[in-house]
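Shared between the two complexes below is chain A, which has chain B as its partner in the first and chain C in the second.
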Partner chain A sequence: MLEQELTLTARKGDKYAVIATEGYINNPGGEKIARRCYQLMDEGYKHFILNFSKSKVINSIGISILIEIIEKVLELKGSLSFCGLTNTIAKTFRIMGLTQYTKIFPTEEEAITALS
Partner chain B sequence: MRRVLFNKTIGYLLILIAASGWLLFLKPGAAEPPSVQSWWVLLLLPLMIVGGYLLDFWRRWDLSQRLKAFVSLYLSLYGLHLLVSYLVQTPHLQARVKRGFLSLFDPLTALLAIMLAILFCQLYYPPHGRRRKFLFFAIIGLFFLSLAANGFFILLVILILFHGLKLPWLVTVSHPSRIKLFLILVGFWISLLFFPIRFLISPQILPEATLFLGGGLQQLFMKTLFVYILLLTIRVAISLVETSQRLRSKTALSYLFRAVLPIGALIGVVLLNYTFQGVYFRFHTLYQGIFQRLDQHGERIITGEKLNQLIRTSKLYGGTSSPLNSLAAEEERIIAADFPGTFLKIQLTPPEGRPKLVGLSPSTPPEFRRAESLPPWFREDISPNFFAEKGEKFLKCIKSKKTETVEVLLQIYVPFTKEAIEEIERLYQVTLRLSPSPAEGDSATMQIQQDAEGGVSLSLSSPGAFLRFPLTIINWNNGVTTELGSVQLFPSWKHVFTSSTFDLSDPNSYLTSTKVFAYVTLSIALIIIIISSFVGGRISKGIRQSLHSLVIGTKKIGEGDLDYKIGMKSRDEYYNLATAFNLMTDNLKRYMAEMVEKERIEHELKTASKIQSSILPEKDPSLEGYEVISYFHPAKEVGGDYYDYLHLPDNRLGIVIGDVSGHGIAAGLLMSMAKSCLYNQVKTSYRVEDVLFAMNNMVHELLHKRLLMSFCYSILDLKRRRLTYSSAGHHFPYHYSASEAALYSLESIAYPLGVRRDTHYKKKSAHFKPGDLLIFYSDGIIETMDGKGELFGFERFEELIVRNAHLAPAELKESILRELKEFARGTPQGDDIAVIIIKVK
Partner chain C sequence: MEEEIILTIPIRPNMELAVSRLASSIAEAMRLDENKVDEIKLALIEACLNAFEHSKSKDRKVHIKFKMTDDHLKITIKDYGVGFNPSKVEEPKIEEKLKSTSKRGWGLKIMRSLMDTVEINSHRGGTVITMTKKR
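Moving on to the complex of A and B:
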């Protein structure tokens, strides 16, 4: 379970993109998310919603990659929102300072609503 | 692109013009060979050369492909010629077409063809060496030179085809495809059993072409085809065997080809010769027996006392032939016992001026009732024999004798009738069927027709017949010998084996035939032995090579060469073994690489562990009014966690805890540097905000992308029980208030160290009372995981602290570890665990 490889799906909205993940957000998992985000940034997207409802575990390198993404989004003056986080992950994000620059929503719909 | 198209178009046009001119220069229907009129053809050679040069597609082919293409071109040209000869019915046009094609093989036009071939092959193309070019020249040259020499030609074709028939596609096609091809070829060879091979080798059925070059190109073509298919069959058989998946079948085939087949061939030859000799002996005795018996009758009459008496008596010359007729009638009766239907004629020729006397037996047909002379071609030694005379066929014995007074000529005629044949069969115990004396049933039949000029033609149908011997007949008018037919013999094995007493008294006819037969059968057997030995040798060589490859491979692997791969052409059990061997070496190689890597990591971890043990505090501080205890357990031998105590001025204790993302020696070194940086900074200013600012910039400089360090720095004023703290992405410390029985999280939200340079961290503070707990921890506790992947989490940890807050720090630590262990249930620890518990007394 720990080693479950991360799979992700990206759904593009008008101004935002939703990336839903499934599996462990570790180094390769985080890399996948980052690569997809950067592709979408190249396509012109600035607002991202990361749906982690099917990812229950994240390690420190995964978080460091998320911080890197946040920094890039901030450079583009965009936004990043998380949804579907477990309590532990949500608290970890808070501890690690991610919530200073991002928002956490319980569901994807709420995150989308907040963007529009 | 356009230039290539242009070149090709011009090339084709030039060749077309040259070929048309070439054909136009030939005079259709001329008796002379084309070469005589084809000198002009040479003038067209430059056109051909330039045209061919412009068509450079040939360059992409390798040498063997060119050779194969050349042979194919030759075969297809001649095949086309045969086809056109069949299709074109107008003699004039046919002759023209024939000459067009055949001139290809004329010596002079052969020169042209050689030039064309060289041109096609583009031998000046650089990749081929001088030696190979020379070889190719030699082969093509010999090919044309040997057109006139059949045997050499065949040998050459064999060489070429052996080179060309390596047929790599036979290796690449699937096994079922090879089996299908083999079955087709087997079908071809079986069909030959119903189609006499001699027609294939010497194809009278094909249209006759008048050729300057020996007139044997049809045969050459068919022989080439024959050899080609034979070689193809052998090649396919070898390929089938080589790729056979069963070692057992290979071994069996090897024995079959190397032992059973040669021995079988030899036994077959012996048996065949024995059979042939036995049968031939019967035929010989039959043939000679009839002749001898008839000859004996003739000899008896011509030397008989009665005839001598008649010659001596004077009244013989009186002109009456009554005594002679009586003698003839008497002899006819005697001979008819052996040869039914016999009649005879005795002719006496006195000296000149006197009439000839002819004695005739009663059965003598009217057309034979007159005197006659022996034809000039006649020789005594050809009697008795079969003769065609006056539209009939006879076994005839002619005897002549010359005395002082008269010439005697005796002719005994045995008509070739049904009765005569039956009598022969009865006497010699053979089945002899000559038409028109048809017998019911399945015997062979032979149709003998005689044309108006007295020539005899024969057609043979032989259901079930397997041995055929010729009978000849001589035309009485001109002495020309033609084939009367043949005798079909159906001997039983009993007859064959009981005919072993050969009559060697007549070595000429008998031995010659048997010798020829023996040579032919022995030659065939020898070819079979050579081929089967070759095939068997290839099979066993393949097996040996496979075994040798395995032995070599084992040695190489034994010597430690794990990169060595055992190559195997076959697909049998050796192949499976070789594949397993190669897989084993791969696994061994990987395993050894893993072992080396593991050793390297272990070494690294040990080194890092030493570094870490020198970084972490050796013991917990002993403070008045406080009870302090810490615990650390790395996930691997070296973790990324770091904690420390700093004894600061004014009775203050600095408490530090951090976590570098990652483990191993890199994390250990970073911790070491962080500690150095911290200790240096504390010397300058130990204020919380200054320390974090400096530490952040240090980590930002040192850590590469995506490596962060969470860090919590706090100062405990021991006297005032006041904690000043700030956290850079590290888990918030817990404060348990004993008086309130409540747990507080000392929050301070900020990024970990190293994300942004020159970040200012805000400090916060908290106050403690006796009995209160202060707990610092790393994420290893929260991220402890059970077998289902569920995390221990914050809630459980908080509940655990509250539940056990009354305990002494050491007991609290033990209870934390115990519950974590119970929760994990054997699941390996994912991250380092570090915890500092401080209780205010």
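Moving on to the complex of A and C:
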């Protein structure tokens, strides 16, 4: 797989969905995540965990698409959590203010536990 | 001791990844820690994207120089495009971006936050962004 091609898997829990990505979160990568989130929202999900443990590189265009997802989640009165972030991606999210509206957890298990 | 690596890349999608891989190798050779390597990579990706998206350079190229010294890494990103006025770039705020149709405009903020210094010299003949990271 080329590093720039993002792949993802979605796992549905009772009240939440986990989307795990692998690859570069750029414009097409961000759009792919957003499309999957919006499909899940149409199915009734409003609590999301984005597991980026296999996505080590991101750019501001990809993050701007994550902000669109945050906007939609807030409209639904749901939640968005991140896990598996590199220190630099977590720092960047804090710098941009994303952590005012989302939560960051070290692991997927901790993110799921926080929802229950 | 100073050493330089100079390269020119075409403006093409994802070319910023190739540059970030080279930056990673250089920073690791300088024995910078993992977090600093990642910060340099992301700042450089943003500088490249800025040139790709806004320079409108006729030669469709970006020129990058890495200068390694004993105490820091200096990276210069140059294009021969239309330039921009950095003082007119508004500081993005998440609360405003959430309500706005345009969520973008974070590149300069990310660069300035992740690097030790960022200088922008831009005019109608092009833009030079100079960033440094201390060891």
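The rule we apply is simple: the second predicted complex is superposed on the first by the 113 of 116 C-alpha atoms of A that agree within 3 Å, B and C clash if a C-alpha of one lies under 4 Å from a C-alpha of the other, contacts with A are read in each partner's own complex, and residues count from 1 in each chain.
Convention: contacts are C-beta pairs under 8 Å (C-beta built on N, C-alpha and C of every residue); 3 or more make two chains touch, one makes a residue touch a chain.
Note that the structure is a prediction, hence the values are computed from the model and not measured.
By the document's definition of touching, neither partner reaches A:L40: not chain B, not chain C.
In the superposed model, A:S60 makes contact with both chain B and chain C.
Of the two partner chains, neither chain B nor chain C is touched by A:L8.
Of the two partner chains placed by the overlay, neither chain B nor chain C lies in contact with A:A111. Between chain B and chain C, the partner in contact with more residues of chain A is C. Of the two partner chains, neither chain B nor chain C is touched by A:I25. Of the two partner chains, neither chain B nor chain C is touched by A:L85. When both complexes are overlaid on chain A, the residue A:L74 reaches chain C alone and has no touch with chain B. Legend: residue contacts after superposition of the two complexes on their common chain; A:I49 is shown touching neither chain B nor chain C. Shared contact residues of chain A with chain B and chain C: 56-57, 59-61, 63-65, 67-68, 71, 86-88, 91-92, 95-97, 100. Residues 14, 16-17, 20, 34-35, 38-39, 41-42, 45-46, 49, 92-95, 97-99, 103-104, 106-107, 109-110, 113-114 of chain C touch chain A in their complex.
Taken in their complex, chain A has these residues touching chain C: 3-4, 24, 26, 56-61, 63-65, 67-68, 70-71, 74, 86-89, 91-92, 95-98, 100-101.
Of all the residues in chain A, the ones that touch chain B in their complex are 1-2, 56-57, 59-61, 63-65, 67-68, 71, 86-88, 91-92, 94-97, 99-100. Chain B meets chain A in the complex at residues 640, 659, 661-662, 705-708, 710, 727-732, 749-752, 755-756, 779, 782-783, 785, 788-791, 793-795, 830-831.
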